[in-house]
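These are the structures, in structure tokens.
Two complexes, one shared chain (chain A), two partners (chain B, chain C).
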Partner chain A sequence: MSFFASKNTKFRTQGLRFHSVGLMTGLVLLILLPALVQSNNYILQVFTHALLLANLALAWNILGVSGSISLGHAAFFGAGAYCSAVLSLEYGFSPWFTIPLAGLLAAGLGLIMDLICLRLRGAYFALATLAFVEIPRVITDNWDGLTHGSLGLVGVPGLPSLSLGTWVVDFSASITASYYFVFVYSLVLLGLVRFLFSSNLGLAFQAIREEEIAAEAVGIPANRYRLLSLLLSAYFTGVTGACYAHLVHYIEPGLVYGLHFSAIPMIFAICGGRFTILGPAMAALVIYPLDQFVFHPLLPAGHEFLYGVVLILTVLFLPAGFWGGLRKVS
Partner chain B sequence: MTVLQLQELSKTFNGIYALSNINFTINEGEIVGLVGPNGAGKTTLFNLISGRLRPSSGKILFQGKDITGLKPHAVCKLGISRTFQSSRPFPRMSTLHNVLAGQVFGKGFSLHTRPEDEQMAHELLDVVGIAHKAETLAADLTLSEQRRLDLARALATRPKLLLLDEVAAGFSPVLVKQAIKLINRVRERGVNLLIIDHFLNLSQKVADRLLALDHGEKIAEGPPDIVMKNREVLRAYLGMRYQDEEDD
Partner chain C sequence: MWTTALVSGISLGSFYILIALGFALIFGVTRNFNLAHGELVVFAGYVSYWLWKVWAWPFVLTFPVAILATLLICLGLQRLFARLCEPLELNSIVLSFGMAILIQNTMLFWFSGDYRLIRIPTLSQGLHLPGFYLSYGQLTLLFLSLTVIAVLYILMYRTYLGKALRATIQDKGAAAQAGINVAVMGTLAFCLGAILIGLAGPLYGCIHYLYPSTGHEITLLAITITIFAGVGRLGGIILAGWILGLAESFAVILFGTSWREMVAAVLLLALLAFKPRGILGKGEQ
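The block that comes next holds the complex of A and B.
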């Protein structure tokens, strides 16, 4: 159940082999996906988006693992999207420069959120973050000169082509390149989350989540570690928002600051397993395509009910999440 | 050589004194029992020393250094560690990781757990007698095991002064005997102890000195047998009637 289980000396080899075979298969499938679907644009688009959402869930969970449930990550997502879009569209900066910058802006916003909300705990913190989203949304909505307000930004430049020697990756030519870009970003973020959670920073995050007073009594400055987890979480949510802007080419305040982008990472993280490294990402890669390929055609108007149902079922029957539950069984 | 020195220490909550003008010293190598009836201010005193609460006035010196107003994590890093009246384990973490948290963060910080940290954590679990539960989630331990875990985790921070809050409350005579042994082992490691002991089942046997509090004031201090015969202490524990009868 604990994500330190893998570091324990007594490996449960049977379960471990099962897991690693499953994981390797999934990884290979994701790598081969463009070839398998013969670059069917729709399928690739859905999985590109699923990977973006996986990144959101991974980023959300950096904060989640330290015990804070945020309902306001759309603030970071939207701010990141707008920062990168405005700088590249209006001022002509390269997205390769503006995407990491967008993360920094989101982290700055995270610092403000910390000052306002992080003295609160539990449900109070969650509610405060829900309200917090309104701050960047209202600013974006009303700063017409910079953001075109509620009209949104149209024609956000795509990712510029990358050239490595003679090998050129052109992101405008096909969705395949974008897919692989997001895929690589997911791997990097996953690696980072794994490093964080299995280091002693992860130990501190867990201890704060479990029993804050005791954590402080054994020398863990709880507020500092909670701030660290919030800043990292906000940074990568902002970067993901920026990627979204450059992949979709169109953003508006109601969309990128919408409840959707606050709720979705939380739902995936809880369904996949809040206290696991991989769970949130896997939930995104299963549930979102399921939604798009199966439920959307069936129920075009109300397909999002799926998220509610999955969340309720998880909370009732698998409180540790799919991945968390699976680990426990083996 | 004094380990801990309390100077004119007071704490008020909304104008009401929880502790007033406490002067007290713990010397190197000492075990001190902190006794007194419910509401005497024992736990408040712990919260002041460990940084959980800020004193309203007065000073706390630890090894000659003023630590008044420091945060709990900073106090811990200087060498004061504590257990809690009702133990506070990290429930969804393994017993071993509970102790590792103290081992890793108690003095400094290392990004990765070193093998010697892990070995030390195992050793401490052995000291308190729950080594066989290293992989068990702390939530699944019995209450007595959780208290031992609390103690192991506090020891893992390598304290110079250990504050024990009611470690033996509710213990059977057999467990109390084990606790006494354990405390002597801790003392041998060069740790000074301040033990809250409301029911007096531990401190009479291990303490070098007692500090008795009542209504936030120091009413007696000295060797256990003398303090236990002090009239103020008897009155605090047993009520006015006892004193009246004695006066007759």
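The block that comes next holds the complex of A and C.
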């Protein structure tokens, strides 16, 4: 790659300029969105959710970049959502305290997953994660005293208002505040992922993905690094799950541990480009609104076929994903 | 109570074997994990339900149509699988996962999310034998599953075709060198798998409510049994199916119905954690 890139420097910089102009436009649009749609609640709600899913995809990709495909991230999402919801609803802790705690619980679950799947690679790891979700789901379902079982938790408290001097952000008053909260979280996570991927750690993850034995040979402890990427991925998936619980105010095991939240981050990451930084988030911001604004009104039942079609087409024709493919062309 | 659990476990297990055989055959011969397996079983169940309920066909006659429908879909699926690039196993998981979502939503669109059951009155009656109770449904399940297993056993171990299929499962390259047309074997595996799915679907509709998202559970069962058995061992699949059926049946008695769903997952994970050698050996090829 680098060999060809140096030959085509001119095209490459042009392409990059084009990309960065597009990216800046997108960023500005996202910042101005609440003003542009004049606080149309539905549009803002969809984009808040899309940003939340973008975070899921980004978190999923921390593991994805080291070569593993997980079909079980709903385990972390659900555990995070339940941890934060139970602690704030039943014990009265502030969500600002319980959200990071939820991430830690999810990371603990990631540790258990790692102990079980430590030696599995590729397809077998994916299948094991698919089965893994059942364990926290059934436990949550049956722990009636704490989680109210399959009835779910109703009335999960929203995010408490923040005050900086005289400036108060009240999350219960408007969806705009929630939108910006998730947006800032996305930016932070994106910055973190970018830092991670360009650091030595990110290089180690990629080396493990490309050729594990060679990576071990140059002194990268593959298992430890793989565990680290799983823990980071689980932590942020758990945090995102907790945010979901406080934004939606209602959770039940079938929903938060459902196949939906395992499939969605994988689909976005693979369609956007598994080995890129921005790809997963961009796929979330394009595909989810497309689903909600176009396909949902057309096909109230079965509109999610879109995700299946997009995934099939990507695997068959664009294995590097859209953003990955675009980068390659330029 | 324990004998009833034993009988229902064996009968359920035999049905699980029927479900897993198609998945294991396709995986063994072509190395494609078909995560849409459960969705296809549910689809076959829906086809049968529709013919039986809306057009009032006799239940037995719905089997050929269900088989034909799954056959067409499976052949289409095989064309898609054939276009995948390496790593084949992982990409087949991603592709068939997309396929599962697609089929699930198509079913949601056509048949809605309502719970449906093929309710045949005679099947829910039964024999009160001394010590336990055996319903005609369980008896049918047991009989049909064992017949299919026997037929497949004869095909795999007593015919030349079966020999070729088993050779392909063991070593694709060597089989091709010995003059076996590996591509045809792949198509054949998909056809046999489709027939097994077409048989399992309507039966599933008799013992379990049909709704679009239930396919996931079936897929998990098929994966568990296949990995438990190791690739290409018919005997292993039979043993694994019965163990799983019995484990679920006793889990219901010991812990209650709500814990049943976890049995397959725990069994699979315990297997992967403590006895991964057989599986790993194949994963690292």
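A few comments on the model shown:
We adopt the following convention: the second predicted complex is superposed on the first by the 319 of 330 C-alpha atoms of A that agree within 3 Å, B and C clash if a C-alpha of one lies under 4 Å from a C-alpha of the other, contacts with A are read in each partner's own complex, and residues count from 1 in each chain.
The rule is short, and it goes like this: contacts are C-beta pairs under 8 Å (C-beta built on N, C-alpha and C of every residue); 3 or more make two chains touch, one makes a residue touch a chain.
Because the structure is predicted, anything quoted here is derived from the model rather than measured.
By the document's definition of touching, of the two partners only chain C reaches A:Ala123; chain B does not.
Once the two complexes are laid over each other on the shared chain, residue contacts for A:Pro319 go to chain C alone; chain B is not touched. Of the two partner chains placed around the shared chain by superposition, neither chain B nor chain C is touched by A:Asp114. Touch criterion met: A:Leu201 reaches chain B, while chain C stays clear of it. By the touch criterion defined above, A:Val218 lies against chain B but remains apart from chain C after alignment on the C-alpha atoms of chain A. The partner that reaches more residues of chain A, of the two candidates chain B and chain C, is C.
Chain B contributes residues 50, 52, 71-74, 76-77, 81-82, 84, 88-94, 97, 100-102, 104-107, 109-113, 135, 137, 150, 153-154, 156-157 to its touches with chain A in the complex. The part of chain A that touches chain C in the complex is made up of residues 69, 71, 115-117, 119-124, 126-128, 130-135, 137-138, 141-142, 259, 263, 266-267, 270, 299, 301-305, 307-312, 315-316, 319.
Listing the residues of chain C that touch chain A in their complex gives 33, 35, 80, 83-85, 87, 89-95, 97-109, 112-113, 213, 216, 220, 223-224, 227, 258-259, 261-262, 264-266, 268-269, 272-273, 276, 279-280, 283-284. On the chain A side of its complex with chain B, the touching residues are 1-2, 4, 8, 10, 199-201, 203-204, 206-207, 210-211, 213-222, 275.
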